[in-house]
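Multiple structures follow.
Two complexes come next, and they have one chain in common, chain A, joined by chain B in the first and chain C in the second.
Let's turn to the complex of A and B:
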């Protein structure tokens, strides 16, 4: 049983000590899955690292008690701590790609781990390794064990990582975002496995994640953290179902539900003080022909990439990223596009914006044909009418340019406003329209948080006066409360300016909140298209059904 | 002041690295000395009337028989060693810096374009770079020097010696810039801000120089410092071998070549002082380069 009492961790910096976590209390009983949830920077991972004794230098435990059973984890000598790690506490990391050694077979890695912690002979260790793999659900284990990590899929690799973690019969496993890098189908398998292990082997799990759905599905207890402090802790149904703390309530309000559509997320709106100056930008956006709604239709669109070359004499067979995609996006509507990673969602966005050249098909924007990729002129009108909001707000803004330069670039480039001062004024007004202080104009992107940057990215897109906006996973890099703010913003802007939006996401719940119509993409093919509500309540395609079933969901009774 | 230093990570690291501070001081001292040589040097080694043969072969001031006027002694012509070194450093730095500029402009331009366009253009540029890498820098320099001697009329050959030397050094250094710029550009090409710029329909030149270039300056700056040291060394090597500058315009390499004649004759300072000076200059520039690399690459810290 793990007990944490009054734990504080500090990191010395050149500005003095930075307190990463403060006064954290937590107990985890054998066989219990204890969820640790919070937004980025909440200190979740630091708690895990402090328990296993792998705090990043120069961090140190400043205060508090850490005990596992009768062992005081804080007073262990380095060699004792080394024995406890692995023997009694194991760890599962986020990315199975990097937590296995690519140059060693699965067999070697398992045997090595087993032999380090017990004096089993080679053949005993091998037998145990095979048993372990069978236990975690790898079929044909005796044969598959000879494989290298790259010969396993992502989900399989994460199972192997779990097998490594349980190979020493630990009392506690710290799982740091174990399913974040996985698709929903694989995620649900891994979560099932964790649940089974907790029950059968009575292992205590500390499950660190930012995904409240995952917690709701598997955790017995949950601790909600924010800025290094525990906000609320207790039995999952209690904490998430009837949140007492204001922060937990807010957090729950910002989680998009899968089973219904809500008009707006109940998150505090941005400052009222800045909302008023956006009129100028609003008027500018509504001027002239700007209210014309523009739809997009794709007919039999096919995109092929050069395949992997296997022989120097033969041309490799092409890899088909999009296969005969036909999609009609009504003017002024939001089309949601969902699919797992590798389904071709982003390729579709790139084909529309001209970054990728389709090999076949027709694209039409508002009735006129859209030339493909390289054959689209630099001054083609679609370059202005179609704009995009990218996934990663950290790479979509040029970090060496000031916000003002980033925002005025479209105004200057498309020749909308000739006067430099006017451009600045309009950019500032646009910033207030998207809920930011206008003085941001003289700052650099690194001075803003992810959510603020995404607002700036939206402002940049709007300053090009687009009629068709592509949002490619605009919130998947953001915390859930920030996600709620950005989704609210996008909804407002769409309603005000009659934009047509293609909203791409792997998150079914988010798409449900945003889209009028939804298309489901799988391996480059459209599985199903339909009105969002109808599609979510009565999915036709098998694939859509299974996606819905596998997405972690909160019991309806929890939602307020 | 302390708050100001703390605000900038680079400055903070700098004041905590004694090697970097010493290297910066040495380099700054040499640079200033070279820049202000005409005003601070005792004699002008180019001007025969400013020194006298009677002062020849005087040892440094701490040895017996020295003239305290000549701190580091004089050479066989009676030239003050301090003055020669300052003028020599001036010439070495001028050649090094101009070669570096040419190499940087050429290499960064080609590297950016290769990374941006990729495909065939990239392949051609990089194969040329590979060929260039296969030839030792000295061989390239010899080649260009030889060609220049062959095609230029002998009347202007003397005047163009510095230009030929600079070009030879530049040609052997551009590959570093091209490779680094190309690799960094590849990374930036996948960033969404570049895709946004291309999507808008901006000209390739603008995307390359306004958007990408500022983001890849870090590693290029490191290459620049390290390559400045190589350029100076290369110039010294070529001058030492006698294919660089003539004896009447002494760079550091020429001074060392002249000093070679006195290696075993007891007048050690004529060889050793310029040599040590060159070592100090190159080492301090290299330390600064290493320090810059640490700043730009936090993983190496």
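Let's turn to the complex of A and C:
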């Protein structure tokens, strides 16, 4: 049993100690899955790192008690602590792509770990490793164990990671976002596995995640954290079903439900004072022909990529990223596009923006044909009419440019506004329109949070006077409460300016809240297209059904 | 895999052709070969006859093809200065330079890799800071100054080591080696250290930077979380991953060491290719310069090919294709 009492972790900095977590209490019993939930910066991972004794230097445990069974984890010497790691406490990391040593076979990594913690001979260790892999659900394990990590798919790799973590029979496993990097189908398998291990082997799990759906589905107990402090803790149904703390309540309000559509997210503490200065930008966007709504239609679009060449004589078969995709996006509507990783969602966006060249098909924007890839001229009108909002706001804004430079660029580039001062004024007005202080114009991107940066990215897209906006996973790098704000903003802007939006996401719940129509993409093929509500309530394709079933969600009764 | 190697070989052939073209241009267009070969008393008619005999009036492309063909057959022409075949001259100098280069490389690896690992694992230690400072001074001083300083201290003041030449050499086949006598090693030590210092610093800093990066990676943290013994963690898990990018730079540097050992060879009067090249420049011995260029390019290409193969040997991601 793990007991944490009054735990504080501090990081010394030049400006004094920074307190990462303060006064955290928690107990995890054998066989219990204890969810630890909170937004980025809440200190969830720091709790896990403190328990296993792998705090990033120079962090240190300043206060509190950490006990595992009868062992006081704080009094262990470094070498004793190293012995406890693996033996009694183990860990699972977020990204299975990076958490295995790429140069060693699975076999070597497993045998090494097993032999470190027991006197097993090489062949005994190998046998145990094979049994373990079989148990974890890897078929033909005796054969597959000889493979290197890159020869496994993402989900299989996460299974190998779990096998490594349990290979020494630990009492406690700290799982730090174990399913965040996985697709829903794989996620559900991995969660099932974790549940089974907790039950059968009586392993205690500390499940760190930002996904409340995951917690709701598998965790017995949950602790909600914010800014390094525990807000609320208790049995999952109690905490999430009848939240007592105001923050838990807000968090629950921000989670998009899968089973119904809500008009707007209730966003706490919305700042209404700045929204009024945006009139100038609003008028400018509505000027002239800007009320024309522009649809997009794709007919039999096919995109192929050349395969990896391995022989001089044989030409490798091309990889078909998009296969005969036909999709019609009505003017002024939002088309949701869902699918797992590798299904071709982003390739579709790239084909529309002219970044990849389709091998076949027709694309039409507002009735005129869009030339493919490089044959589209630099000054083709579609380059202005189609704009994009990217997934990662940290890399989509040039960190060496001021916000003002970033925002005024489309204005001079497309020749909208000749006067430099006028451009600045318009950019500032646009910032108000997207809910930011106009003085942001003289700052740099790193001075803003992820959500604010995404607002800037939206403002930049709007300053090109687009009629068609592609949002490629615009909120998947953001916390739920920020996601709610951005989704509200996009909805408002779309309604005001009659934009046509292609909204790409792997998150079905988010798409349900945003889209008028939804298309489901799988392996480059459209599985199903339809009006969003109809599609969600009565999916036709088997694949859509399974996606819906596998998405972790909260019981309806918990929702407010 | 086979395709990969073949591709690299074809690329190498093109690189060699480009270098051969440079060497040929040097030979053909820097000064008139005939005036170089003949004295003032040779008559214009004789000069013309010689020009015709040597094929210098043939079309340019034809001349280049003949030049390349001769090279492939091992016929590198004759030196203007000594009238010896260039092939012989270069061949007699190659062992000295190669031995110097290889020993310098080994010294730099033997010291550089462990020092890099140590400074990465103990980034705040006093010894680490000392090592980093000293090596920084080491690279800031030009090679010839280091050489002269070493000569002054160990050769002149202490009188421990010889300051020039190769010392005692042994003839093995056509290879004149100084690796089999104490005397040879004594002579080799100072120039090898001089040549290796720069590479040592580079190797160390690169290993350090890569190692620190690798130590922060998820798989190392996961290995720590599993309690993998520290020695295995550092040397089996981390170091192997560190070496992948390091090998590229070491390979490129080794080519550089061979090519630019000129300074060291001249300071220590080491009878290698670099010294031969310097002498050739002094006497405008263009055939030797051209061949030197080609030989050095060949080393570069060869080393790079070896590096590529080493890559494949180390990294299973290049060797074994995805099966899932």
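Keep this in mind: the second predicted complex is superposed on the first by the 556 of 560 C-alpha atoms of A that agree within 3 Å, B and C clash if a C-alpha of one lies under 4 Å from a C-alpha of the other, contacts with A are read in each partner's own complex, and residues count from 1 in each chain.
Keep in mind that, in the parts below, contacts are C-beta pairs under 8 Å (C-beta built on N, C-alpha and C of every residue); 3 or more make two chains touch, one makes a residue touch a chain.
Remember, it's a predicted structure, so these values are computed and weren't measured experimentally.
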| item | value |
| --- | --- |
| Touched partner set for A:258, first chain B, second chain C, both or neither | neither |
| Chain B versus chain C as contact partner of A:172, first or second or both or neither | neither |
| Contacts of A:388 with chain B and chain C, given as first, second, both or neither | first |
| Partner chain in contact with A:219 - chain B first, chain C second, else both or neither | neither |
| Comparing the two partners chain B and chain C, which touches a greater set of residues in chain A | C |
| Contact footprint of chain A on chain B as seen in their complex | 6, 12, 191-193, 195-196, 198-203, 211, 214-215 |
| Contact footprint of chain B on chain A as seen in their complex | 14-15, 353-355, 377-380, 383-384, 386, 388, 390-392, 395-401, 409-410, 413, 460, 464 |
| Chain C-touching residues of chain A, taken from the complex the two chains share | 52, 54, 82-87, 89-91, 93-95, 98-105, 112-113, 116-117, 147-148, 150-153, 156, 161, 164-165, 167-168, 174, 309-312 |
| Interfacial residue positions of chain C with respect to chain A in the complex | 1-3, 6, 217-219, 221-230, 232, 236-237, 240-241, 314-317, 320-324 |
